[in-house]
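Take a look at the structures below.
You will see two complexes here that share chain A, one where it goes with chain B and one where it goes with chain C.
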Partner chain A sequence: MNTIGRTTANWIILGLTLTFLIGPFLIIILAGASDTEFLAFPPQGLTLRWYAKVFTVESFRASFMLSMGLAIFGTLLALVLGVPAAYALNRYDLPGAETVRTIVAAPIIVPGIIVGLALLRYVVVPLDVTVTMALFMAHTALVLPYAVRVVSSSMHNLRGDMEEAAVLLGCSRFQAFTKVVLPNIRGGVLAAFILGFVTSFNQVPVSLFLSGPGVRTLPIDMLAYMEITFDPSVAALSALLAFMSLAIVFVAERLLGFSRYV
Partner chain B sequence: MSDTYVQLTDLTLTYGQSVAVPELNLGIREGELIALLGPSGCGKTTTMRAIAGLLAPASGRITIDGRDVTRVPANKRGIGLVFQSYALFPHLNAFENVAFGLRLQKLSANEITERTLQGLATVGLTGYDKRKPAEMSGGQQQRLALARSLVMQPKVLLLDEPLSNLDARLRLEMRTELQRVQKETGVTMVFVTHDQAEALALADRIVLMKEGRIEQLGTPADLYARPETAFAAEFMGFENIFRVEGGKVVSDKGTLPLGFATTSPLLAWRPDGVTVGSGPHEGRVVATSFAGAHREYVLESALGPIKADADIALPRVEIGETLTFDLPEATARPLAA
Partner chain C sequence: MFRNRREGLALALPAAIFSSLLFLAPVAVLLSEAFRGTGGGFSLQGYVDFFSAPLNRTVFLRTLKLGALVAGSAAVIGYAAAFCIVNLGGRARGTIFGMVVLPLMISPVARTYAWIVILGRTGIVNGAITGLGLSESPLRLLFTETAVYLGLLQLFLPLMIISLVSAMENIPRDVIPAARVLGASWISVFFKVILPLTKEGLVIGGTLVFTGSLTAYITPAILGGSKVLMLETLLYQRVNVSNDFVSASVIAMILIVMSFSANLLLKKIATARS
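== the complex of A and B ==
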C-alpha cells in the first residue's frame, strides 16, 4: 500500500473508533436534551428541562443513594477482604493458591446474570436476607475479584525482603505490613477502589435478580422507569452518570496514573 | 573460647524435609570481621537468616553475648542484616530509610535526627538525605542499606553478598569502605561471599563452607597457604591436585614419578608453584596467555592438563610445542584425603 493509501486507512480507522466510542455518548447527551415528551433522536429542539427533571424524580434520588452506598461500602469491604487475600496469595506458598486464583477470576469470566441467579437461588432465598443486605453482599462479591487482581498486580514487584528488613529494624509483622507494604501499594489500592466503584455503580444483571420492592439500584430503577415513562429524562440521567464516571477516572488518572494499574 | 560473642551450637537448619545445614558449630568473636565463603547453595544465606532470626532452626542453639536467643523473634534480637538486594524502602527518602528503625524506638526527635545524619555521614552520604533510593546509584544504595542497619547499633551486623551487585571498581572501593566502617564502629560483622579474593582481602577469619558444613576455618593467610582438603585447596587457587600412590603422582589420565617422599594421600600445586622450563617432565602447550607479571600455560602431560605460570623473562613457547616442567617439593601442599 502506498503512503497516501495508508494515511487514508489510518484516518478511517480513527474515525470509526471515535464514532463507536464517542458516538453513543453524544447521542445520549443530545437525546436527553430533546424538547419532546418522548425519547427522540435526532433531538427536536433543545432544552435542559429533562436534565432538571432527573433531580426531581423521588425514586431516582433514593436509588442513586442506594447505588452510591453499595458502590462505596461494597468496594471498601471488598478491599478489606481483598488486600489481605492478595497479600497472602503473593507472599505465601499456600496450598491451593492456584484454586483461589481461579475462583477469584471466575466472576470476571462468568456472566453477571448467572452470578445474580445463583446468589438469589442459593443465598438470598434460603437465608432469607433483606434485599439491601443481599445487594450489599452481591456487590461486594462482584468487586472482590477486581480488588484482588488490581492489588495483586501492584504487589507483584514488591519483594518480601523489604518486610524482613523492616522486621529486623524492630517492626512486628503487622507493622511491617502497614509501614512498608501498604504505602507501596497505595496506588494500586486506590485504583482498585475506583475500578470497583464504577463496576458496582454500573452493575445491572446481578442487581436485576436481587432488587426487591422499593429497593432498587439506580440502573434497575432506570429500567423500571422506562417501562412506564418514555420521556428523555432517562437519557439525561445516563449522560449525567457518564459524566460522573468520566470525572472520577479523569481525576484518578491525574492524581495517580490510574491506567498503570488497570 | 572465652572471647566468643556469637555461638552457634549443633545448629540444624532445614527447609521442609531437606536439611540445608546439619549441626553447625561456630564461634564468632566480638568485633571481628568474619567471612562465610563457599559455592552457591552451600548454606551461607540460610545460616545468616538463622542468626538474624528469620529462620527458626530445627534444632541447636544460638547464643549472643552469653544469652540464648534461639527463640527470640527477629525484631527483638538486635541484629542488623544488609540484604543482597539492599531491600531499601522505595517510598521513603534516604533520611527516612535510615531513621525507620530509630522511629520505632520512641526516641526524641532530636536524637533521631542526630543519629540519622551521623549514620549517613559514616557511609559518606551527607547531603543525600532527600533522595529516594531509586534516585541513587548502586553503590550509594548499598551504603544507604549499610547506614540503615548501622544506626541501630546492632550487636552483630550481617551482610549477604553486599558487594555482588556492584561493578569491579566500585566493589574495590566498597571493600575498603566496609573495612573502615567496621574498624570505626567496632561492630561484629559477618559477611557472605562466594568470591575468595573478597574474603581474603576483607576478613579477619574465613569460614569455608561446603554443603552446609564447615570445611575449614582460619585466617586468610592460613587458608591461602595451608588449605587442608582438596575442596579448600581448589577454592584457594591450587589448580593442580593429584593423588599420591606408591611414590607416584596419579590422576585419572596417568602417572608421573614423584621426586620426593611424602606420606600424604593428596598433593596440590598452585600454577605459580609449578616449575616451568626445566625439570624431569614434559608437556605439550595447549593454551597460553599473557597475564602481566607472568605467562600462563596449560600443559598436556601424562597427568592430563597442568596449569603453570612461567616467569615473563622466559621466551614464549607456542601452542603445540613441548615444555619441561617439575612439580617440586617446596611448593607442594599436602592435603587430607
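== the complex of A and C ==
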C-alpha cells in the first residue's frame, strides 16, 4: 500500500472509532433541543425549552445539590484521610504497609452495588444511620483510593531530603509538611480532588440502594425520571452534564496538565 | 525515610480504619449470608439453589458471554485504533488521544441515554428503517442483548485503546518496517511482531473491559431492562422485588470473586514488569 492510501485508511479508522465514541453526545445535544413532547431524532424544530425545563424540575434541583454536596465534601474528607496516609506510605518505614495499601485500595475492586446493599442492610437499618450519612461515607470511601494514589505519585517525585533539611533548620515535622511538602504537591492534591469529584458525581451503583424519601443522587434521579417520562428533558440534562464534565476537564488540563496525574 | 513507626501508623491508620469499618466489614457480613444454613451453621445450599434456577443460570452465562464479546470486540477495534493513533505525529496524536479519553469523565447515565435516542422506537435507526420502507412498524431494538452490547462497548472501549496505545508506544520503532522489508505480510507482522510485544497491554485492557462489563449496572438497566437481565440488574431485582437476600449475596460473591481475580492478574503483570 502506498503512503497516501495508508494515511487515508488511518483517518478512516480513527474517524469511525471517534464517531462511535463521541457521536452519541452530539446526538443527545440535538435530541434535547427537539421541539416535540417525546424524544425524537433528528430533532423536529429546535427549542431550548427542555434545557430550561431541567432547571425547574424540583427533584433534579434537590438531587443535583445532594450529588454536589457528596462529591465536594466526600472528596474533601477523602483527602483529609488520604493525604496523611499517602505521606506515611511514602516517607515512613511502616509495618504492614502492603496491608494498608490493599485496604485503602479495596473500594475500587469491590463492585459498588454490593457496598450500597451492605451499608443499607448492616449500617443504615440496624444502627439507625440516615441514608444521607451512609451515602456520604460510601462516597468518601470510594474516592479514597484515587486520593491516595494520585497524591502518592506526586509525593513520590518529591525528594525526601528537602523535609529533612527543613527539620534540621528548625521546623517541626508538621511545619516541614505544611511549608515544604504541601506546596510542592499542590497540583497532585488538586488533581486528586477533581478526579474524586468526577468519580463521586457520576457514581451510580453505590448509591442505588441508598436512597430514601427525597434523598436521591442526580444520576439515580435521572434513572427514575426516564422510567416515567419520555420527553427530551433527560437528553437535555445529559447534554448539560457532559458539558459540565468537559468544562471541568478542560480547565483542569489548562491549569494543571491534569492528564499527567490520571 | 523516617523511622518513627508510631507516627507513621498514626498518619496511615485513619484511612485504613475508615475503609475497613465502613466499607469492608459490611461487605464481609453480606457475603457470609449465602453461607449460612437455615439453622445457622455453614451451608452451601444458597449456591445450589441459585444455580438450580434456570433464569439465574441464563443471566450468569449471558453476563459472561456479553463480557467476553465486549472485551473481544474492544480488542479488535482497539488494535486498529491504537495502531492509527501511534502512527500519528505530535499534536494530532495528543488531540485524538484526548478525544478517546474524554468520554470516561462523562456521566455513564448520559453516555448510555444516547443509545435510547439512537435505538428507541422514534430513534434514528427506526426512523431510517421505516423511512426506507424496510419495515412497516418500528422494530424493537432496545431491551435486546445487542443494545446492551453496544452500550457496554461504547462505555469501555476507551480503556482498551488507552492500554494498547501505551503498550504500542514501547515497541521499538524499527521492528515493523524491518519485518516488512524482510517480506512479512501485514497479517504475520501483526501476529509475529505486534501481538507478542503488546500482550501485556492487551491483557490489562481486556481485564478492565471484561470486569467493567460484568459489574456494569447502568447499561443493562437502561438498555436491557427486565428483558435482558445481567448479574447486577438481577441482584437489584432480587433485593427490591423479591426481598431475596440469599440470592443477592450469592451474586455479590460471584461478582467479587471475578473482580478480585482480575485485579490479582493485573497486579501480577504489573510486578512481573517492574
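Everything below uses one rule, namely that the second predicted complex is superposed on the first by the 258 of 262 C-alpha atoms of A that agree within 3 Å, B and C clash if a C-alpha of one lies under 4 Å from a C-alpha of the other, contacts with A are read in each partner's own complex, and residues count from 1 in each chain.
We adopt the following convention: a contact is a pair of C-beta atoms (placed from the backbone, for glycine too) under 8 Å apart; a residue touches a chain by one contact, two chains touch by 3 or more.
In this text, all values refer to a predicted model and were calculated from it rather than measured experimentally.
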- Once the two structures are overlaid on chain A, check if chain B and chain C clash or fit side by side. fit
- Task: Figure out whether A:I72 sits in contact with chain B (first) or chain C (second), or with both, or with neither.
- Result: neither
- Just chain B (first), just chain C (second), both, or neither: which does A:V129 touch? neither
- Message: Under the stated touch criterion, which partner chain does A:A224 make contact with: chain B (first), chain C (second), both, or neither?
- Response: neither
- Message: Once chain A of both complexes is superposed, is A:A62 in touch with chain B (first), chain C (second), both, or neither?
- Response: neither
- Query: When both complexes are superposed, which of chain B and chain C contacts more residues belonging to chain A?
  - Reply: C
- Item | Partner chain(s) touched by A:R159 [first = chain B, second = chain C, both, neither] | first
- Message: For the superposed arrangement, I'd like the angle with vertex at the C-alpha centre of chain A and ends at chain B and chain C, nearest 10 degrees.
- Response: 100
- Message: For A:L169, using the defined touch cut-off, is the partner it touches chain B, chain C, both, or neither? Pick first, second, both or neither.
- Response: first
- How far apart, in whole Å, are the nearest Cα atoms of chain B and chain C in the superposition? 9
- Task: Spell out the residues on chain C that touch chain A in their complex, using ranges where they run on.
- Result: 1-5, 7-9, 11-16, 18-20, 22-27, 29-30, 77, 80-81, 84-85, 87-88, 96, 98-103, 105-111, 113-118, 120, 122-124, 127, 153-154, 157-158, 161, 215, 217-218, 221-222, 232, 235-236, 239, 245, 248, 252, 255-256, 259-260, 263
- The residues of chain B that touch chain A in their complex are 52-54, 74-75, 77, 79-81, 83, 85, 87-91, 100-101, 104-105, 148-149, 152
- Item | Touching residues on chain A, where the partner in the complex is chain B | 159, 161-162, 164-172, 175, 179-180, 183-184
- Item | Residues of chain A defined as touching chain C within the complex | 10-11, 13-14, 17-18, 20-22, 24-25, 27-28, 31, 38-42, 81-82, 84-85, 87-89, 91-95, 97, 99-100, 103-104, 106-107, 109-115, 117-119, 121-123, 137-138, 140-141, 144, 148, 160, 173, 198, 201-202, 204-205, 208-209, 219, 222-223, 226, 234-235, 237-239, 241-242, 245-246, 248-249, 259
